[in-house]
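Shared between the two complexes below is subunit A, which has subunit B as its partner in the first and subunit C in the second.
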Partner chain A sequence: MVEGQIIQLPLVLLLAALLLLALLSLLAVKVLKSAFVGKQTAQKEPDWSVPVVDADAEGTSLFHRWDVRFKLVALLGFAFLVVATRSPEAAMIALLLSFSTVLVAQQPVYRSLKRLLAMSGFLGMFLLVMPLTVVTHPEDILLVFSGLEFLPFNLRGLQLALAIVGKACAVALLMEPLLATASLARTVEGLTRLGVPEKVAQMILLAHRYIFVFLEEARRMKTGMQVRGFKPRTSTETLQVMGNFLGMLFVRSFERTHRVYAAMQSRGYRGRFPAPFYFKVTAGDWLHAGVWLLLGIGLLVFDRLGAA
Partner chain B sequence: MHDLQRLAPIDFDGPAQFEIRNLQYRYPNGQQALRGVDLSVAAGDRIALLGQNGSGKSTLVKHLNGLLPVQQGALLYQGQPLVGEPLQRARLEIGLLFQDPDDQLFCSTLYDDVSFGPLNQGVSLAGMEPLVRQALAAVGLEELLYKASHHLSFGQKKRAALACLLAMKPQVLILDEPTANLDPGQENILVELLRNYTGTLICITHDLLFAYELCQRAVVLDQGQVHHDYSMAELVADPPSMREHGLDFSFRLAGLANHKLPPQQAAVAAPEAQLVDAVAAAETTAVVELADYSYRYADGTQALNGITFALRAGESVAIVGENGAGKTTLLNCLMGIYSGVGTHLFAGHLLGKQQRRLLWRKVGMVFQDPADQLFCASCAEEVAFGPRQLGLPKDEVIRRVDAALERVRLGGYQDRVPLHLSGGERKRLAIATVLSMDPELLILDEPTAGLDPQGEELLLEILRQLPQTRILVTHDPFLVAELTQRTLVLHRGKVLQSYSTAEFLADQNQQSLNLLALSYKSDCSREILELQHRHEHIHQHEHFHEHLHRHGELVHSHPHQHEHEHEHVFTHSHVADSTEHCHSPRGRFHEHPHPDHEEQEHSHEHED
Partner chain C sequence: MHISDGVLPIGVVIGSGIASLALAAWSVRRTDSEDLPKVAVVTASFFVTSLIHVPLGPTSVHLLIPGLVGILLGPSSFLAILLGLLLQSLLFQFGGLTALGANALMMGVPALLCGLLFNKLRGSTQKQHVIVGGLVGGGGTLLSAALLALLLFSGGEDFLGVAKLALVAHLPVFLIEGLISAFTISFLYRVKPELLNQRFSALQQG
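Moving on to the complex of A and B:
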């Protein structure tokens, strides 16, 4: 094993740090939860007579006006460049940029934070596990707590974990401006124009539409079993019942696909979804895309030069 | 005996819009769905396509817009067979409304759904928005233009599906069970829309009052053949013929006539009923009781708001209300699936979290769609599922399975596959799955939805005999009248009225509950009752019949037409209050004894 630079610390410091971390997480969850619930109860029926997430909407955000094809290429390109960085500094800058993007795109912050919260458990594991498991290099700084000498805390591991967490959060935050500033149909049509096969695009659209129907069917069937006393247990009977349940769900879904296809045919479907919108490229679209790609390249250069 | 040679009741000149000759169709599994259908449809016809489940109605309409290919026989639309380019054109001119609107709304928003058809028709993008707005405005959904389809209520979905067709300005509109699961308010809107539609209307429905309101012609299919092609008035005036095809809904008319109290009478009856209720209430413990009970969904929607009601042992209560009033949420709370705020007692005991979880032992629920509660490989397994969860011994489980199946008239169905049963049988099986658990309280959610009149009548008979305390959720005032003593009217999560069923029916008749009044149905029922007026008369009349007869030496039998004078029971109408009566001018095919007539010499022309 390669020895690093060891810093001895009292155990109480670790306990205090863990406690502080737990309290902060709890506080964050509570604040987010109350903010979310407040939003829900105060929620009124939106005005559905105007397109709420459509590029033709009156929305003034740059992202709403941006041609969806350019948006896809530029933001996904930026996301790839972010992922290619290595340092936590570059990851933090990317995170800051993504968060600003959410604000500029007029997307609800609580929704983005909720998305991050959903990822927090998985990402939290990186922060905890990587400093303890990363291979030690001679130049590494190791924090050793008294009484826990067998478990050195590697600061380079923490940096690596922070870089991963920062990059993941930056990319996740980009998803709102990328996907929620145009209708799904328009975004998918944009993908088709960029070369994604039409069948795949149609499958995305139909899957998005029918996932809710299937979930509702599954929920009703589950209730039907529940009201007859079914409780999942670790037994062969449960396995048999769950098999029947899934089989039935499959049969119903299969029958529905036939009916949906018949409904599509009977309204003139001949293999492709007609796109009910125009695509018009402006100089602004090119400029906007260029700026994003340059930002990404700049970030990568900073990362590489900083590392050097 | 059927008159298979009758002409369509509406004469038309010129070419037929649909010309069907000897159409036959066999599904890949070998089931012969159509066995030589002959039918001509004129432009502007309004046809009710009737028949029992499995008679071939859906298969026939799938041929009409080319969803199924013609295997044998001929089908012409505007003089051309439905293949190639004419088929594509026909699909853009013929609108088919599916029974489940989720099948038809397959895009992300209403705008995309409604514009799908017109875009396929080649309508330009510039003219699209006004067209979409116009179609949605016609069904009262303009303000939901950009709402996702999966966020709409069932009634809204149904209307949106119709808007998708109306935007295509179809020449033919084919509707498959358009009123299934709609509340009366939504049904009224639908009827109003269809009344104003000027193209050809073909409507598959088990709701004969709805069909009577909108259609002039009734085509009855039986085992893949056209058995009757009447005017709608002639069909509803002929209960024996309807009964033969499982379509006789006269029990509904009789029921309505019995329950239709004049407002004054209802007002007098009400306090007495309340007094009886009060005495009964004092004598028996409430099986279930809610006090100031509210429930809010996770998304903030207040589904129930301060519900207070009690149900005594042996009592039957109807819960009525428009779609989205909170009926299903209330049922879920009563079953212990949802847990709201407020007092919830069962048999006098306050329910905690643990007791609520065990409510399934005491409360049984039959879902609106039997598919939601049928998932086993055989009927016996299905019915045994509940008793097994109760931990009953094997012998007792078998006894309960047999008894429950017998009770719903499915004795001997133990080894049948639930998925292969007819709609009515599946519904009865769903009831058996609950009865086998011997619940103290039985909850029925729209028990007759989607059943043909014969299935409906049988189910009603079974339900009447059940001894359990009952809660019935329905949009159908007839069922309320037949099965309950008390009615709870829900509106936006609150109890709007809680009174005797007699009072509720009086309100229905006065149409004071606007959202729940099916005014056109009462008018139709009255008209049909008049049409079914029949008693014995003697007069000279012409009719069409088949029997052995003689032409000199030749004795043979075939349908023929001539005049008789003799007594017979005949459906007829009276001119005002006079004793004079009139028959349909058309010769009617019917049978009654003709003493000596068969021996008399006949002289009519024969075809070669």
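Moving on to the complex of A and C:
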């Protein structure tokens, strides 16, 4: 059933390649670890109850001065155009463009790296599984290692996986410039002016607050459980304890919110936070947005023409 | 497991985005503004829960609980899940920006069905609550995994292997989620049964 162009390779080459990969990833982990450890000792134990998504909202870069509405529309549009491309080459160009936004927006690179690391498991699966499982076409190039004839390595699968990884990373790198260059309240206000219902905007702001409160609560409960000698294992007892833990988290969260909401209402909350945001559109906003959308369209055209 | 950006073909990205928007609009209309803070609570809890890992043999899995969200919120659960996923993507890059619609469908549709089923079948005894809660909680995760596989497969036959792997990887999670849902429902039934009623505002007036 295998009908692609087969290239026979000795098994030793596979072992060497695997060894090289292992060494490289080990090195990468070491470098990243030292970078992160350096960061963490610098700021000691971070306070998890304080939101950080818009930590660098103050700034003077091109992205900070950009009207949020234009920023949202342009970068979201760009992101959709990026995921519409198919070739790994287009994905790599998108990756470079996105990386340049991180630098232009003066965002700390380690936060963007953290985002990429969060996706590494899912994307790693693609890199590993796609070359081995894609359907073989007649024009495909297959690498077959002696001794492993039943497991041909399809280069087209690798290409597909690389395109996916490139696109995913490109969009992920856009996130920091998109979100961290204005306060979240301002971004959400921009969303409302773009037509998102007020209810939804309020929910985003409330839920974003609560997440950090509940994370802290969950952490406290976990410490309590550890002090009482709880060790998670693969057992029904563990699941029962976790079930009770979740239930308790829900109960506590509800009760706390009930009190907080009553307090908010007694202070005059009528379904929206007063948001004294002033939006002023300049020609530069239009120009900046236009440039990004044109870049995206250009990328898509390059992708489709290059493939043909 | 969330689908990240760049995996799905653009047609599926746009289609699932539109379907998600329509469901979210319906969900918003069905949500009383009185209930907003509570929906926000479940959204945040859903978010926190997905960071909790349960050990499973040599590795660990994180909880998804679409079923529990559905049981707690009913029609509002789609909105809660959409926003929870949005925040996960904004804060931690789980899932993705353009894949948000697909991810919301994958978790939100099971949540809506679970809420409906639980309300229909739960009866009045603790035993029945726990059994139905467990089945619904596990079933919700199973349905999520099936939708995930279906979405991955929409990329063409090349993605069949990945889709199969995703489905198989979720089988143990489905068992764990069923048991945890059952235990959580049992706890809530004993401690604060009014949380299991989906209409909060009706409850406050009574």
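By our rule, the second predicted complex is superposed on the first by the 280 of 308 C-alpha atoms of A that agree within 3 Å, B and C clash if a C-alpha of one lies under 4 Å from a C-alpha of the other, contacts with A are read in each partner's own complex, and residues count from 1 in each chain.
In the analysis below, a residue touches a chain if its C-beta (ideal position, glycine included) is under 8 Å from a C-beta of that chain, and two chains touch if they have at least 3 such contacts.
Note that the structure is predicted; figures quoted are calculated from it, not measured.
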item	value
Room on subunit A for both subunit B and subunit C (clash or fit)	fit
C-alpha centroid angle, subunit C to subunit B via subunit A, nearest 10°	70
Partner chain in contact with A:H208 - subunit B first, subunit C second, else both or neither	both
Residue contacts with subunit A in the superposition, subunit B compared against subunit C	C
Which superposed partner A:V251 touches (first subunit B, second subunit C, both, neither)	both
Touching partner for A:A185 - first (subunit B), second (subunit C), both, neither	first
Which superposed partner A:V260 touches (first subunit B, second subunit C, both, neither)	both
Partner chain in contact with A:M221 - subunit B first, subunit C second, else both or neither	first
Which of subunit B and subunit C A:L96 touches, first, second, both or neither	neither
Which of subunit B and subunit C A:V12 touches, first, second, both or neither	neither
Subunit B versus subunit C - smallest C-alpha distance in the overlay, whole Å	6
Shared subunit A contacts, counted only where both subunit B and subunit C touch the same residue	206, 208, 210, 213, 244-245, 247-248, 251, 260
Touching residues (chain side subunit A, partner subunit C) in the complex	53, 76, 79-80, 82-84, 91, 114-116, 118-119, 122-123, 125-126, 129-130, 132-135, 157, 160, 163-168, 170-172, 174-175, 179, 197, 199-200, 202-204, 206-208, 210-211, 213-215, 218, 232-234, 236, 238-240, 242-251, 253-254, 257, 260-261, 271
For the subunit B and subunit A complex, residues of the former touching the latter	62, 65, 67, 88, 91-92, 94-96, 98, 100, 102-109, 111-112, 115-117, 119-121, 125, 128, 142-147, 149-150, 164-165, 168, 298-300, 332, 335, 337, 360-361, 363-365, 367, 369, 371-377, 385-386, 389-390, 419, 433-434, 437
Residue ranges of subunit A in contact with subunit B within the complex	37, 40-43, 47-52, 54, 183-185, 205-206, 208-210, 212-213, 217, 220-221, 223-231, 241, 244-245, 247-248, 251-252, 256, 259-260, 262-270, 273-278
Touching residues (chain side subunit C, partner subunit A) in the complex	1-8, 10, 13-14, 24, 28, 31, 33, 36-45, 47-49, 51-52, 54-57, 63, 65, 68, 72, 79, 83-84, 86-87, 89-94, 96-99, 157-162, 165, 176, 179-184, 186-188, 191-192, 195
